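Heads up, the next two complexes both have chain A, just with different partners, chain B and then chain C.
Right, the complex of A and B next:
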């Protein structure tokens, strides 16, 4: 037996307890944050270099799973330094929670067992309830309560969905799902699972909590909620749909095509009319979820006879672009949320960002680059992700869906550029609190977004490891 | 390889100009000057025996993936044709003019943005791969968006957004077309590639089912016709031109408009032989409507800058017409038509730059560009208003000035293919002449508006800038062969492709 995969998990778990224990002696954010950061980097490299392509029980350690595990670690790493500014006290608990969350996420990346997936997903959820309320201001508590209430509903849907899935397939292990005939229980399970995890991804009818929670949470927690918290549900759904629903693919396509259209259209249109900056970013993250679940629609569509190119190819491209989207999304979405901490006020309206370019032009530039990346402008990471996503839609003969997505993408330009224009206005350069940690986080994340914009080789590498 | 070095050096100089601080203007000017000289010498050496097609081609495989019969190639390739070589020179020169006309109060970003736009343009004309074509197509928009939105006047934020969203919608459909082409190419060959030479190939396109082909040409035409602009797709143009700073307007009218023309004649033309007939007639109709509509709109403008914006759009409609009519004719007429269209793009860049530059200097002195607030400028600003007059005359197509060659070539070759309907083009030409002469009469001649007070004529530096543009306009009018030779070589090669 090869137990190499346990090293990173043990490291993360132990480090979480060490951080808690250290909290008795010290509440120094630099020591605790630095410790958590180093542990995460160590876990990153352990996972990167561990042996791949074998499976133990329902764990499957392939390049695909490793990639997701690494992405989850990155999504936690990016919030560690900015949260030194947002979080006011009890850093030991804060960083311990982040480390435990990393543990859950890495397990979720490697496992294919539904029970384990569910438990690790809940581990992340419960951790984020605490993080959302961490500063105990009225806004935080309200957001956390809303988030908690809604998520509990989602959780119960998940349990129902998993039970129905077991009922029809007689297994919890996604790898072991064989050829099964269509039945009602499977369809019910698809509906429940979509609703349950859809809450976390903020798919259209289940999105409203996300807007409030992202708005009310501390900025770095919003950054995590909208990236890591979303991507884990996304990955679970990806595994689930790709492996579990072979007889139900018609429904998968139908379901997700409609949901994707509604989600992106709603997110973009609502963002057009919003003036609260964090809410604009939240709506934009709903819209981005709409683009991301196009991949599910495409997976479902691959079983239709009208397909031009053999299905393996465009599903491979679609999943590769989802994977690319994930990494680009972490930087381009978390960056703007973190940049909100630069503004001195708690509730950031769009005119509060005016004058950022005068206060610090490099921050403003890289903030703008991340917004451009969200809009899908070339030479940024978001462009390659979107480019190949639309490409796979076209290869899969889903032109109409691509056209709708593209029109949405054009609409979204308006509000991203509106923010950028505000940052370059002349007034209000004294609204900002130029904390170096936040400033350099924003700049570095902007640079990585730019770097991803030219990493075509990463995309082709992902296309090689894409199929589960 | 030299072209690649040129490309990289241009990129590095662009980045450098953002860091120039106080010296940013001189840094940009010196680097553009060096690049222009270098590139002109390079193209003289390279194009001495040019016979059409892509030369000095460089190709690099950036990333590839291949398994189970699928191959994905992501290439970066650059090359020059007779047409795109001239456009690169134009984009360098126009960027230089725009930087020269920029006021000294702007910071380093201003000039950096112009360098970035110039780099984007030059890159766009050089690349021979659709992925990078699209990247540069968008990369030009961003700096221009900031130039309008940050340094413009009036309702600048709204205009810049309108400009960006309009062109972006077009470019997204362009993207879809590129994808569709690539997908069908894959179906034929099992290779995913974005190389222009592979995808824009009649032998392959002819096998695509008609609905897919219509989807493809719809995307291409939408993107290029918005950029040109053509009649129903022009709403971004007057606002963007009007609210941009004058240097930005020079960049828009000289550089960015050439993108649409390059798209039609340099990219789309090889496959346009497969266009259905009614579409060709429709394109010609759009061109003719555009000339007449823009010329009439210009006639009723009360602002010189807005008038020149419409005038510039009317001039560019000749390219749409050249594109359409060249599809109906054959042999030498087609070559003349195409090269006339290409020549028009190049001539228009200089002429529009001359007009907008003189308007900019007039605005600097009088503080207005409203026609009824000016008048009799000839008395106080004799040199400056002569420059403006030369620009206007060149624009209306007076023989021996730049505008004449292209317009004449397009009009006479259009007669070969659409017969007496050419009268409508001539009608457009008459209205163009009418609004320009009428505007000249009301602003340059007549009684001087005494409320403007004493005005100071051009200084030495401004004189030299305008003089260079004027010389270029006259030179292009009296000695077109130099450029026409390259264009005809390329155009006859193109004509042979379809």
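Right, the complex of A and C next:
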């Protein structure tokens, strides 16, 4: 057995324990946070440079999986420095949990075995229950409790779905399943698994916990919940749907198309008149989930006879746009959540951000850029992501779905611009917490969002690796 | 590697922001940097000219998007035009440093003229019609900005608007023409070539005409002609140019005499092969519009009293000559273009000279423009008077000035046109235009310079220092001597020299008419001075003074009676639906507010909601799945 492929995993696990052990001696956030950050970067490069196309036990390492693993590491990296401000004490436990979570996520990225996927997913979930409650304020505890209760329901759906899957295919390994004929049990398994993982993605009927939890959690934890926590479930569904089976195109396509339409419409409309800033961002995160699961609808549609282009290219485009969306999403979504720490309050209302531009011109500018990116304004990563997503919808002859998404996107402009207008208002009397960790995180993430806005080459690369 | 000749228009473009910034901190040095950049452009154009002595063209291009490429194409026609533009810009820019000396916003003036010159040079060297159109718009924009440079004068602001809107009509037609050509050509062009690439269009005109049909090509070219007509202030879209004289006089010299207004003529000359191979209407339209404008603007010029407007009408008229010369090419071939371009270059020189001389006069008279209030300036400012006399003689085409050679050849060409096609109208209009030219030019000249001063300001007039007049002296020298290069010029443009020499009686007619015109002008001047010229009540005079009511046709009939009511109707409809649309936004946000009511925070409710929701969705799918 070649352990070279486990170096990153071993490193992350060991580092988690080292962080815990170091906690006996010190609770210095800079030492612990810096350690976690360095470990994550080291893991990032190990994974980046290790050989692709290799299978070991139930791990399967390909360019596609590597990309997701790297994304997950990035999604944790972005919250490390801002959390030094949000989290009040016990940094050893906090960073150890982040490292263990990174371990789970990397495993999830590298596996196609449903049981392993489930376990690593739970590893992330349980870690996030703790993180949500980490500061032990009333709001934290309430959010965590709701999140935990609802997620338990989700977990049971997952287990049911996996059981149904095993019943109809006699295997847990997604790779081992080809295209199989229509089967009610399999369909049921798809629906159950979608419900189970859809909780984390915050798809429409399962979105309600998310609003409360994102609102109540510490800001950097909200940032992680709405990016990394979502993307892992998203990736599992993508693997499941794309590699597992396409039992009946009509069902799969309509199922996800309806879910996508409901999710994005709900998220966008509910955010319009909301005044709690973190809840606006939470609703926006629901809406973004709606755009992202359009890809599932596309994959379902790819087995439809009316598809014009060749199926492989079509699905390749769809998956590449999902992958691009994921990376752009991390920065543009986590950034605004982290920017909430600029406000010196637990419950951030929209008035509280007024006058940010006066307090710090650059922070306000890059905050605005990330919001514009969420809205899909050109020159930002969000625009490219949406552009390719809608583009793949249109070449797949699903232009009506693209039209709905574009209308939704137009509606969403309203609440994003509303926030921006508030930040540039002059009369704000607010004092802001100009901690350099927060300020520079926001600026750097805004810069990366801008950079992604011109990285067409990344999309071309993703289209190359999209089908493993 | 980037072709060095791209710098022809990039250098002045660089001056556009820098000139503004430099001027902002050191206003004294405004104009120095832009002059240097224009000098650089001129040097590059001369290098290109030397290169083209042994080569046919310089062509360098990159794909811009889809099948539109972006680049430069410099051939013999282009290099002449570019050299003219760069040289005139340099002369006028140098003079403007004197003319604008005391203006507090002169850094803005110089940065805008830099942008203009960049646009103009870019237009000349661009290799694709789309790029050409882009620069065409830039020069239009700069024209707008610079006419309205003294925006605090209501007249200037109105004139800027008028110029912009009228040329916009032409721009619209031009872009439609490009659309026609593009849609027809996109399936015809070989792969890898842009359908709107200028070298492709002019080198394969015959093939294009047979592929898309001469009538379609004629439609496209007539639409291009419409663009040119608006830009070059030809009848019936000439109304903006006289008003544009409200801008600084150097702007009039640069944009509305020497360079921008010739862009339309240049467009027709550039695409001459397309016009030639299209059905014969298109070049006939060119020659008729040109010749008629030459005659028509001459009539209007006679009754105008504003010194700059006289020159503006003369510009319109001379542009008509150029247009007509190119149109003659339908019968006499490519030498029509050579005649037109030669007159274009000569005209740029002497008209800029006249304008700058007028600028000197206006500077000392504090922008008093009415020629009836001048008089006697010959003694007060002899240097200017002599320079302006040279310009006026050139304009009236008196031998041996350059104007005699350039315009005489056009009229001879028109006679050749008559001989070959039996159509005498162009020749008649052009040769009558000659007499009108002499009348309006010298009426103005005599009223300004002869007799006694007729106002306080005129009595205090004086020449500026000779150093400031040096650009004028250069141009005056050129006006007198450019006739020498007539034949080499034709050879360079055309490849072969056709000098038409009609029968002696016909050939001498233009000069005779010019001299006659000067005599008539002297008569008019004498009557004017003695106050015998009481023709204000004369109906013909009234019609001419009101510019044949064209301005009123456009403003009072077309705008107020036709366009405004339509706009009002649309506006009323829109106001009616505005409320509907506004309430729609409110409805949507209300729905959103209702949506938020399901966020109760109650966990059992959440689970119940989830189960019900999934059941509903599943039911929908079941129903759809059955279908």
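Just so we're on the same page, the second predicted complex is superposed on the first by the 462 of 468 C-alpha atoms of A that agree within 3 Å, B and C clash if a C-alpha of one lies under 4 Å from a C-alpha of the other, contacts with A are read in each partner's own complex, and residues count from 1 in each chain.
Here, contacts are C-beta pairs under 8 Å (C-beta built on N, C-alpha and C of every residue); 3 or more make two chains touch, one makes a residue touch a chain.
Keep in mind the model is a prediction, meaning the values are calculated, not measured.
Using the contact criterion defined above for the overlaid structures, shared-chain residue A:209 touches chain C, although it does not reach chain B.
Legend: residue contacts after superposition of the two complexes on their common chain; A:273 is shown touching chain C, with no touch to chain B. Legend: residue contacts after superposition of the two complexes on their common chain; A:387 is shown touching chain B, with no touch to chain C. Once chain A of one complex is fitted onto chain A of the other, the partner contacts of A:372 are limited to chain B, with no touch recorded for chain C.
Contacts of A:457 after superposition: chain B is touched, whereas chain C is not reached.
414 are the residues of chain A that lie in the contact sets of both chain B and chain C, per the superposition on chain A. Of all residues in chain C, those touching chain A in their complex are 585, 588-593, 595-596, 598-599, 601, 603, 606-607, 609-610, 612-614, 617-618, 620-621, 624-625. Across the complex, chain B is touched by residues 308-309, 312-313, 361, 372, 377-379, 383, 387, 390-391, 394-395, 399, 402-403, 406-407, 409-410, 413-414, 417-418, 421, 424, 456-457, 459-461, 463-464 of chain A. Taken together, the chain A residues at the contact with chain C in this complex read 146, 149-150, 153, 191, 195, 204-206, 208-209, 211-212, 248, 250-251, 254-255, 258-259, 262, 266, 268-274, 411, 414. Touching chain A in their complex are the following residues of chain B: 62-65, 67-68, 70, 72, 74, 109, 131, 134-136, 138-139, 142, 145-146, 149-150, 157, 160-161, 164-165, 168-169, 172-173, 175-176, 179-180, 182-183, 186-187, 215.
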